[in-house]
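To keep things simple, chains are lettered A, B, C and D as they appear, and every chain counts its residues starting from 1.
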Amino acid sequence: MDLQAILDGIGAEMAAAPERGRVADYIPELARVSVDHFGMAVCTADGQTFTAGEATTPFSIQSISKVFTLAIALGRLGDQLWGRVGREPSGLAFNSMIQLEHERGIPRNPFINAGAIVVTDAILAGHQPRELLGEILRFLREAAGDDDIHINRAVAASEQAHGHRNLALAHFMAAHGNLLHAPELTCGTYFHQCAIEMSALQLARAGRFLMGGADGGRILTPARRRRINALMMTCGHYDGSGEFAYRVGLPGKSGVGGGILAVAPGRASIAVWSPGLNAQGNSQLGTLAVERLTRATGWSVFG
Amino acid sequence: MDLQAILDGIGAEMAAAPERGRVADYIPELARVSVDHFGMAVCTADGQTFTAGEATTPFSIQSISKVFTLAIALGRLGDQLWGRVGREPSGLAFNSMIQLEHERGIPRNPFINAGAIVVTDAILAGHQPRELLGEILRFLREAAGDDDIHINRAVAASEQAHGHRNLALAHFMAAHGNLLHAPELTCGTYFHQCAIEMSALQLARAGRFLMGGADGGRILTPARRRRINALMMTCGHYDGSGEFAYRVGLPGKSGVGGGILAVAPGRASIAVWSPGLNAQGNSQLGTLAVERLTRATGWSVFG
Amino acid sequence: MDLQAILDGIGAEMAAAPERGRVADYIPELARVSVDHFGMAVCTADGQTFTAGEATTPFSIQSISKVFTLAIALGRLGDQLWGRVGREPSGLAFNSMIQLEHERGIPRNPFINAGAIVVTDAILAGHQPRELLGEILRFLREAAGDDDIHINRAVAASEQAHGHRNLALAHFMAAHGNLLHAPELTCGTYFHQCAIEMSALQLARAGRFLMGGADGGRILTPARRRRINALMMTCGHYDGSGEFAYRVGLPGKSGVGGGILAVAPGRASIAVWSPGLNAQGNSQLGTLAVERLTRATGWSVFG
Amino acid sequence: MDLQAILDGIGAEMAAAPERGRVADYIPELARVSVDHFGMAVCTADGQTFTAGEATTPFSIQSISKVFTLAIALGRLGDQLWGRVGREPSGLAFNSMIQLEHERGIPRNPFINAGAIVVTDAILAGHQPRELLGEILRFLREAAGDDDIHINRAVAASEQAHGHRNLALAHFMAAHGNLLHAPELTCGTYFHQCAIEMSALQLARAGRFLMGGADGGRILTPARRRRINALMMTCGHYDGSGEFAYRVGLPGKSGVGGGILAVAPGRASIAVWSPGLNAQGNSQLGTLAVERLTRATGWSVFG
């Protein structure tokens, strides 16, 4: 299998794709990014790396950061975390508040915003936001083997300025006793973690611990790795998670900046970036690119 | 790997398990089944079969029938089916009606009751219920290589007598123009398909077409097979789908009769039966048994 | 106060009104009625009657029938009825199913469809639909002092043919044990009661027992009369009940046929008909006409 | 009619009532109030005043303050206010968030918390909270003819400390662009307005402008007065509004401190206080006392 040829083909197809989706527009920093970008990187279990397009251009990883904070939280708290957040897909977007009300402030999974805020709150654990953000960056830099990973302060400030919906979720959970810190503190940290910038290459490298293999167990036990993959499969693409599983057949996590991290267990860590989003808020071309990749490689976990 | 030894160990553990869940009690025919039963069967890709416990005792497959009607529907209608039913997990149980209202009568996926009723309605297609039920039985008998598969008429009659919730769903979809036949006709067919009885051995054999391999393509194209597996992964266990993916790591479909059909793509088709259900309505020991199996075999699709 | 002059003025204004709303279109029998119709009748406590426009043209009373079945039910079952139906406004339309699920099949009030179906079911009480419909007609004829009140069979048949949503509600309540008869039987009765035709004059006369006064206690005790008025005030106009109370200031009940029955306690029984509906499904000109009447007469119960 | 004798009878009955409800316990300042208190005051249209029990003991008026801020808002903004808040009853408590989502941040009415926060935000209008609170107190003191009306700072601080749910609502509305000030600023003002203390006597006097009569038009036009009464009737008792209308038959507004302000249009302004709440969060004995009063006086607006 010539992976580079496959990636070249995907890169060419995506460069010419007419339907590129729409960039997120809730903050100006994301709204002004062009839909023309496309970058992709694949790290295989045998240590090789393949790229296509703008694989080294940094972009805002946004919700993809939730995978890494979850890994930190499971490493630190273990299954105790599940007392504060569930493991089930969430259904319709407007149900998030009903659900929080119905289940007394326990978000359904760690990848919806409410759940990710709880995870950040759990690992904040009395420290200063600055300290936790430093730890998240160290985790990413070590996993990616690259120190050039940073937070975009302008994006973070803009998230904060437009963060009313997340603050509403945080206050709601605080009302149910499921927040340890002030909503502003936890959300402030969360807004900064979402504003981390990485390139597709950095992201694919940082995600290698999820595919298992030689050194997989260093960062996470195999059991926890499998479980994060399971959560990415069932909950990683918001209300398009079923669609991603159906089309792509891999665990994956998308971000509103247009990035997707996908995992072919035992085979590869895959990152792709294209800022235009589909109706479910997931990268239009990113999804298509990973679909093309799994079709060409047979990497779907579904046989 | 000595699969028989693994199954023997699981059988012994399940025979002694103190927490066996509670049998479904909405119809007397299911309520009177003892929680003591346990049976399991595994058909591997190389054609071998392994069993544990009461692997040849027939039980009510209930919602597991939805996998087979979906396979029939995809074979007959192809992607056209997706105009009438979605592919996303459904979230909280009480959301089903909101969701139908919100999305104008389109159920979220083919494995919730509303979605399965639509699938049955789609393949009923103007025929008599008797004809479609005959076709479903033929499909199962051929897939299992066993003609001794039947409908339990008493169970079907009891489903019908207690079928108000399903009839409500059907009428609701009819009000939105998403039902081709009278609700009583479609639901009547659906009640009978749920009342099919199979043993774990028959079920594991009937599910072989989902694992792929040598003759996998005869019944379903590989693409459709993968997609059914994806739907089983994200939606196969109602509001416990995330939990099953997290613990077991395989596509699976449960039935309220205590059965579970699980698929290890490229490796095995697995069926298990134990009538006691957990809080999410899935077989308590069945789930545990498949979890034990994937842990011992490393068959989780998540690496 | 010259009531006839007031009614003449209202009649003239309504004849010329440019915004007449849209007729209900879910059944052809209602869809083909012209929006040009307008009729109004007022029966005062001193026994006088005033009319404007087409006050003697029969129209489909639809949900206004719910007031009369509730009166029959309270007369027969008393407060026992409240074990099966609540007394609170219902909020958003799409909440009706959530609410039924959340409150185990108990509809919020007798004026939403689910509640009215329960009321009809309660007074059906083992009788044949034909018998109950006869009793409802007798009640109306006696209250109106007019034997020329009938069911429009074509409308009833059409309601039945398009009754899936109501049948869904009925099956849902049956699933929760809150229906004594088969959903088809209760709904069949309900569809016929909604198809009763009356003129504004007949309706105003039939509603006299709700205003109290000399012979008010003959049909209902004053306490029950007040309570029906209270329910009409808080729940009588679906999701436009607050708006009707705000603009008109009287208890009232609307029907999708364009009729409204309103009550000025101690003063008058008012009926109005104009088939065009506003966005909330209540008569556009009917609401305006009663608003004009209460402004001119000072009959608002709110001072 | 001997009103003093009626009040004496009610006072005696309430003093002996065994079922007194439970005091609100979400803040310690309310939780420590005894359920034994009962006070009532009635101001009639002819200028007389009648009392029973502890009519001059101050209590926390809480949500009753919403009536007065609404009056201020209507006086200042007129119907323009209705662009930001609706006029319909709200249904189930857990629907508040769905509703805000569904209707893009527009609360259903000014008496649910979200709606009252919007009203406060509307009249804050760029001023300092201190200034608006001064205006609210001036309004109340003038309406009551009594300068001894104050904010309980300890209660306000406690509301603030336990205000996560209200802050969640405010952030949610801010996310939809329906808040002019920072959520903390608007909610801070709102928490203080809820912490105003008044006695039943002061409250009945302050509510006289709602009954109309001689000087009714000085504070509010008759049309606006009627409309506030209509809103109190349909929305004044949360999810117990239908029940209050049904039992009492008067417009009224309750507060979680155990107070109720009720209006008999053209006849009387009524205030009652007993801290024990019923299941809907309204004063158990307060409701009963007003029910007794309307039964004895025939003041129900429903005849």
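Basically, a residue touches a chain if its C-beta (ideal position, glycine included) is under 8 Å from a C-beta of that chain, and two chains touch if they have at least 3 such contacts.
None of these values were measured; they are calculated from a predicted model.
*Asks:* Could you tell me which chains make contact with chain B and chain C both?
*Replies:* Neighbours common to chain B and chain C are absent.
*Asks:* Mind checking the centre-to-centre distance between chain A and chain B? Centres are C-alpha means, answer in whole Å.
*Replies:* 32
*Asks:* Roughly how far is chain A from chain C, centre to centre by C-alpha average, rounded to an integer in Å?
*Replies:* The mean C-alpha positions of chain A and chain C differ by 54 Å.
*Asks:* Would you kindly tell me how far, in whole Å, the mean C-alpha position of chain D lies from that of chain A?
*Replies:* Inter-chain centre distance comes to 47 Å.
*Asks:* Going through chain D residue by residue, note those that touch at least 2 other chains and give them in order.
*Replies:* As it turns out, chain D has residues touching two or more other chains at 94-95, 98, 102.
*Asks:* Which pairs of chains touch each other in this structure?
*Replies:* A-B, A-D, B-C, C-D
*Asks:* Under the touch definition given earlier, write down the residues of chain B that touch chain C in their complex.
*Replies:* 94-95, 97-98, 101-102, 164-165, 167-172, 174-175, 183
*Asks:* If you look only at chain D, which of its residues touch chain C in the complex?
*Replies:* Going by the criterion above, the answer is residues 86-92, 94-95, 98-99, 102, 108-109, 211-212, 216, 222, 225-227, 229-231, 233-235, 239-243, 245-246, 249, 251, 263, 265-266, 300-303.
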